[in-house]
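Which chain is which? They are A, B and C, in the order written, and residues in each are numbered from 1.
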Amino acid sequence: MFDFFKSKKGLLPDIQIQEAVRLENQGVKEQSWRSRKLKTSLKENLTTLHFILADCHDVVFREFDFAQLPDIRLALIYVDGLADKIQVSNFIMRSLSLEVPPALPKEYKITKAQAFDFIRNRGLCIHQIGETDTLGGIIDAVMSGDTVLLVDGHAKAIINSARGWEARSIEDSKTEAVVRGPRESFVETLRTNTSLLRRRIKNPALKIEIRSIGKITRTDVAITYIKGVVYPDLVAEVKERLSRIEIDAVLESGYLEELIDDNPLSPFCTINHTDRVDKVAAMLLEGRVAILTDGTPYVLTVPTLFSEIIQSPEDYYQRYFFYSLIRLIRIVTLIIFLIAPASYVALLTFHQEMLPTALLLSIAGQREAVPFPALVEVLIMDLTFEILREAGIRMPQPIGQAVSIVGAIVIGEASVRAGLVAPATVIVVALTGIASFTFCYSGTLPLRLIKFLLTMIAAFTGLIGLICSLIILITHLASLRSFGIPFLYPVMPLSPAELKDVVVRAPRWALLTRPHLLGKENLHRMKAGLKPKPPGKRK
Amino acid sequence: MKKKLFLVLIFLLITVNISGCWSRKELNEIAIILGTGVDYTKDNKIQLTYQLVRPAAFGGGGMGGGPGGGATMNQNITWVVSATGDTVFDAQRRLSQQISRHLYLGHNVVLILSEKLCRHGVLDVINFFHRQPLSRGTVWVMATPQEAKKVLESHSELQMTSAQAVGFLARLRTGYVLRFRDFSQDLASKGTNPVLTRVELKRLGVTQGPGLEKAHHHQEVVLTGTAIFKGDKLIGWLNCPETQGLRWLKGKVDRMGIIVPSPIYSGKKISLEVMKGKTKVEPIYQKGKIKFYLSTEAEVDLIEEQGEEDFTRPEIIKTLESTAAIEIKQRVKTTLDKVQGEYKVDSFGFGEAFHRKYKREWSKLKNRWDEEFATAQVYLMVKVKLRDTGMQGRRASLKR
Amino acid sequence: MIYATLILFIPQNTVAYAKQDAWLSFLIAFAGGVLISLVVINLSLCFPGQTLFEYLPLILGRWPGKIIGFFYVWLFIHFCTLVDREYCSTVVAAFMPETPLVVFLIHGTIMFAYITYCGLEVLARINQLFLPLNVSLLTILFVLATPEMKVVNILPVFDTGLLPLAKSTLTPLSWFGEIITLAVVIPYLAEQKNVYRLTIKALFFVLVLIEIATLGVLLVFGPTLTSSYLFPVLSGVKMINIANFIERLEIFPLIVWITSGTVKATLFFWAAALGSAQLFGLKDYRPLILPLAVIVTALGYLLHPSIIDLINFLTQAFPFYALTFEFIIPLLLLMVVLIKGSGKK
């Protein structure tokens, strides 16, 4: 670092050296240069920028002469890898250093003072440009991948939006698969993500407000909503909560989630996330606000309802009869998932009288040689399942699947053979485990935790304790709110008319309104009476 | 401060719960009782018999048991234990000192009371099964002229245990069966005397199979009639045909077979099955005399005919219907004569029918109802309707 | 908020003590309940936006009002204790005889305390879930039990005569009278205008539920056997056996018991907490939850030595004691208000 100063020492007066040292040592702490204005001298500006960007070897400083006025020196600053090199060399450098704009008369002479406007208006073939006159503006632009052009003698800089970096292409959603429905999912680039949304909602009412959060990372966060559908107070509240955040880094939307959550002490997360574009679009259309974060495909949607756990975008694309059944199955699955191991333990250790005789005898026969109490047995199997699942996720992809399937079969079969576990227990635990895959992965996380708790409670106090804990669980859920909306809406508070989109999936022509609490700004989705009729009966 | 208090509370809660597990009984800590028998010994004590299952015999595929989980030969499925005591609980207490697991009554299928006990009176033993939280009203209650212990010391060829076999047999309702709830209800009511199903251990059939060439006679528990009580004491038995009459009087005749003589061909018989039947009791109380008008309606199906009656002809059906009615009447009369005439008790719930109609008179009569009933006139009216003739209309051999 | 009054769901263990025509006595009790609720509502509407504890001093003067208020706090604590004790005793006697009662009392109290901590709104919301759940469970159980039912079991009607019928009405009447809690709830209802309609609806609903349970039990067991059981509904459900598979459904009445008992007891607990807070002039009742919870648990454990004692108290002493507070005092208060012409702001 000091080598760098030594080499520059001869060039700079002492006062500037002190200044430079100060600039470089600031790091992320102070960044006093942010609001500093540019100087007219290109050399001075460049020196300052060099100091600020010291040791950033990916930043390219390219100086060259302006073809029209060779005594004017220009400088390009961009980050190698973030800027599109072809655009930079072809449409900025080439046009400025070699070519004369063809429509320009030969005798046309530009003065030094006009140079900046001339370049901006006639010299660049870049689709989007901007201007800044502060160091902070330049640094932000460079860091987000723009190319900055400095013109000697002007205390302003031109920001050329010539971004182009390696990004993951748009792929299938990894976490929420569908059979029918769009496959696109969000990617890590915010701009791509907003474009995906805009492609679905081609309306100026779709607002995308971008702000940056994170002192160091300066991550772009977009608040999107549809004006006229969303309840204005909700947008205000989202903005308010986001603006309170003062944090150094936002690497994933999870960082924001925990900072704007209504119920920080609850195991339940009252902010949903998804990487499905169609799901976010549908959420926006119901009057929700989506928070897109740069660097992650996962978009936060608020407010979140508990019922979202049993809704999948596909429900709305397939015929409603079968998917109504699927909804019911998901509800049953949810209940099984939550209480099956617990009630199994409770029934086996406390309430044997509640099992049919034949079933009891068969289970009793299986368990005769098992050396553990039912609780231990269930916990062992449940834990094994969790380990397998975790291993399946963390393991390198190609072997992951094989190992988890084989592991499950081998361990289950072997423990039954060895007489360590009763077959019935394996069935219950495996059913519970598979049930958890019916829902989106993160939605089940709190439930998985609670499942363990319930199993323990059931082993100590039987079904009575289980019922009491479920009442407390329901009370807890009922007391949660997500951005002011009760978490269990529309079940509690009960809104019977809206259960048709929760318990079952009513046909499209019957889903006339948005959820009442969310969409009160603009309740009606569609015209009533759109149920298809034979031509003769149409009015 | 608040946090500490919270922690203390959580700690307390966990300790209270974990140190608890009071009512906790693992499945392999309980001895499941499937059958219960109560005898009255010679020295006037109560002998309690439990048929316990050995669950290992029921193990499914897992533990090396054969496919289907059936018990293999020479493997004990049940264990019949008994003990005597002054009360039922006294006997059970003695048993539990000898058995390594908690006796678990929650899955009891059948309660068998021996004749001796029934003649002594069942009120002495029945209360135990009322107060037990695990005992259920759905238990089949039966009386046996043999020793209850002997009846339970048996196994079934089709079912895993004889207790379950009796349970399934009772479910088919081929005899007059009743459950603990019905029995207690009858016992408590002044308007009816209780009856009980009679069971016996009888030699039944021959088991067959490779390696079983040496004929193996098997003893199975079967229903053989009904026990008639006066109050809580047994006073007599009804055999199977008489039980059918009882079923007509009680109005529980579904799926009962009737064999009637053919109205045309002498010596030939016709089989009918009752599909639906009900009996209405209409008491009349006039000048201190009690009369009962019974009207019975039955819908029957034709099962077989030995003769060649043409059941496409309405007049043949009419004749058959009236023959069947006479047959039913005969059945009922036999039973009525025996119960009303010989035993002089009201086992049919006629008293309750009387109560429903004559509330005020009932309060005077209820304490000597059986005597009143013994003198009452019973009139019978039977109406039979042929509903179906099975898969055939006329016999194929019948010439036109 | 609407259904917050629908909590008067009555645990069935005292049905046994109603006589032959128990289902009729509930009808009469219902009429009485409507009368009581009319008195309470009229009283409350004279002081809009104020709870019983706030307007008692206004009617009777500062100190007498506060003293009567304390009696009401006690009444709610006692109600809560009774409900708690009722279902804990049921659980212990019928399901887990070896477990000490106090364990379940603690469980119960934790639930009331937590729900009360979450507030009346949450209570109303969970009731919106539990109520349909309980109604459907009871109806399903009733339907499943129909093969066991005999109409002759409830005949002849009016067998016992009028006096025993009137007597047997007293206990259910005092249950219906628990609608006195309305005096505390009304200021928190969202729809003040419909309060009459809602209350009658709520009471009617309770009546239907009780009738389902009572009739079901009577039809299955007949009067003599019913009155000998401590928990007839439980015994009735034990009788259900369809196809040898749908059987042993005891868990469902247990769910109905615990959920409805919790909601009911919590409402009383909340009323007691709110009442004492208002009497002491506190802004928030939450600090009082812990001490009240301890009181309720201790009382639940100490008040009655056995379940027989509890049932004797509920059937013999309770109606007179409860009806004094539920009917006579509100009636006197209403008369005082009408004579003095106070209230009606």
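Please note the rule applied: a residue touches a chain if its C-beta (ideal position, glycine included) is under 8 Å from a C-beta of that chain, and two chains touch if they have at least 3 such contacts.
Please read all numbers here as calculations on a predicted model, not as lab measurements.
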Chain closest to the middle [Cα centroid of all protein chains]: C
Chain whose mean Cα position lies farthest from subunit A: B
Centre-to-centre distance between subunit C and subunit B (centres being mean Cα positions), rounded to whole Å: 41
Cα-centroid distance, subunit A relative to subunit C, in whole angstrom: 49
Chain centre separation (subunit A, subunit B; CA means) in Å: 67
Per-residue overlap in subunit A, given as positions that touch at least 2 other chains: 350, 353, 461-462, 465
Residues of subunit B touching at least two other chains: 17, 20, 23, 136
Per-residue overlap in subunit C, given as positions that touch at least 2 other chains: 95-96, 99, 103, 110, 244, 247
Contacting residues of subunit C [partner subunit A, same complex]: 91, 95-96, 99, 103-104, 107-108, 110-111, 114-115, 118-119, 122, 124-126, 128-129, 244-245, 247-251, 254-255, 258-259, 262
Parts of subunit C lying in touch with subunit B, wherever the complex brings them together: 93-100, 103, 106, 110, 148, 152, 155-156, 159, 220-222, 224-225, 228, 235, 238-239, 241, 244, 247
In the complex, subunit B residues that touch subunit A: 17-18, 20-21, 23-28, 30, 32, 34, 53, 55-63, 65, 69, 104, 106-107, 109, 134, 136, 160, 164
Subunit B residues within the subunit C interface of the complex: 13, 16-17, 20, 22-23, 130, 133, 136-138, 171, 181, 184-185, 188-189, 352, 355-357, 359
Residue ranges of subunit A in contact with subunit B within the complex: 348-350, 352-353, 357, 360-370, 373-374, 416-417, 419, 422-423, 457, 459-462, 465
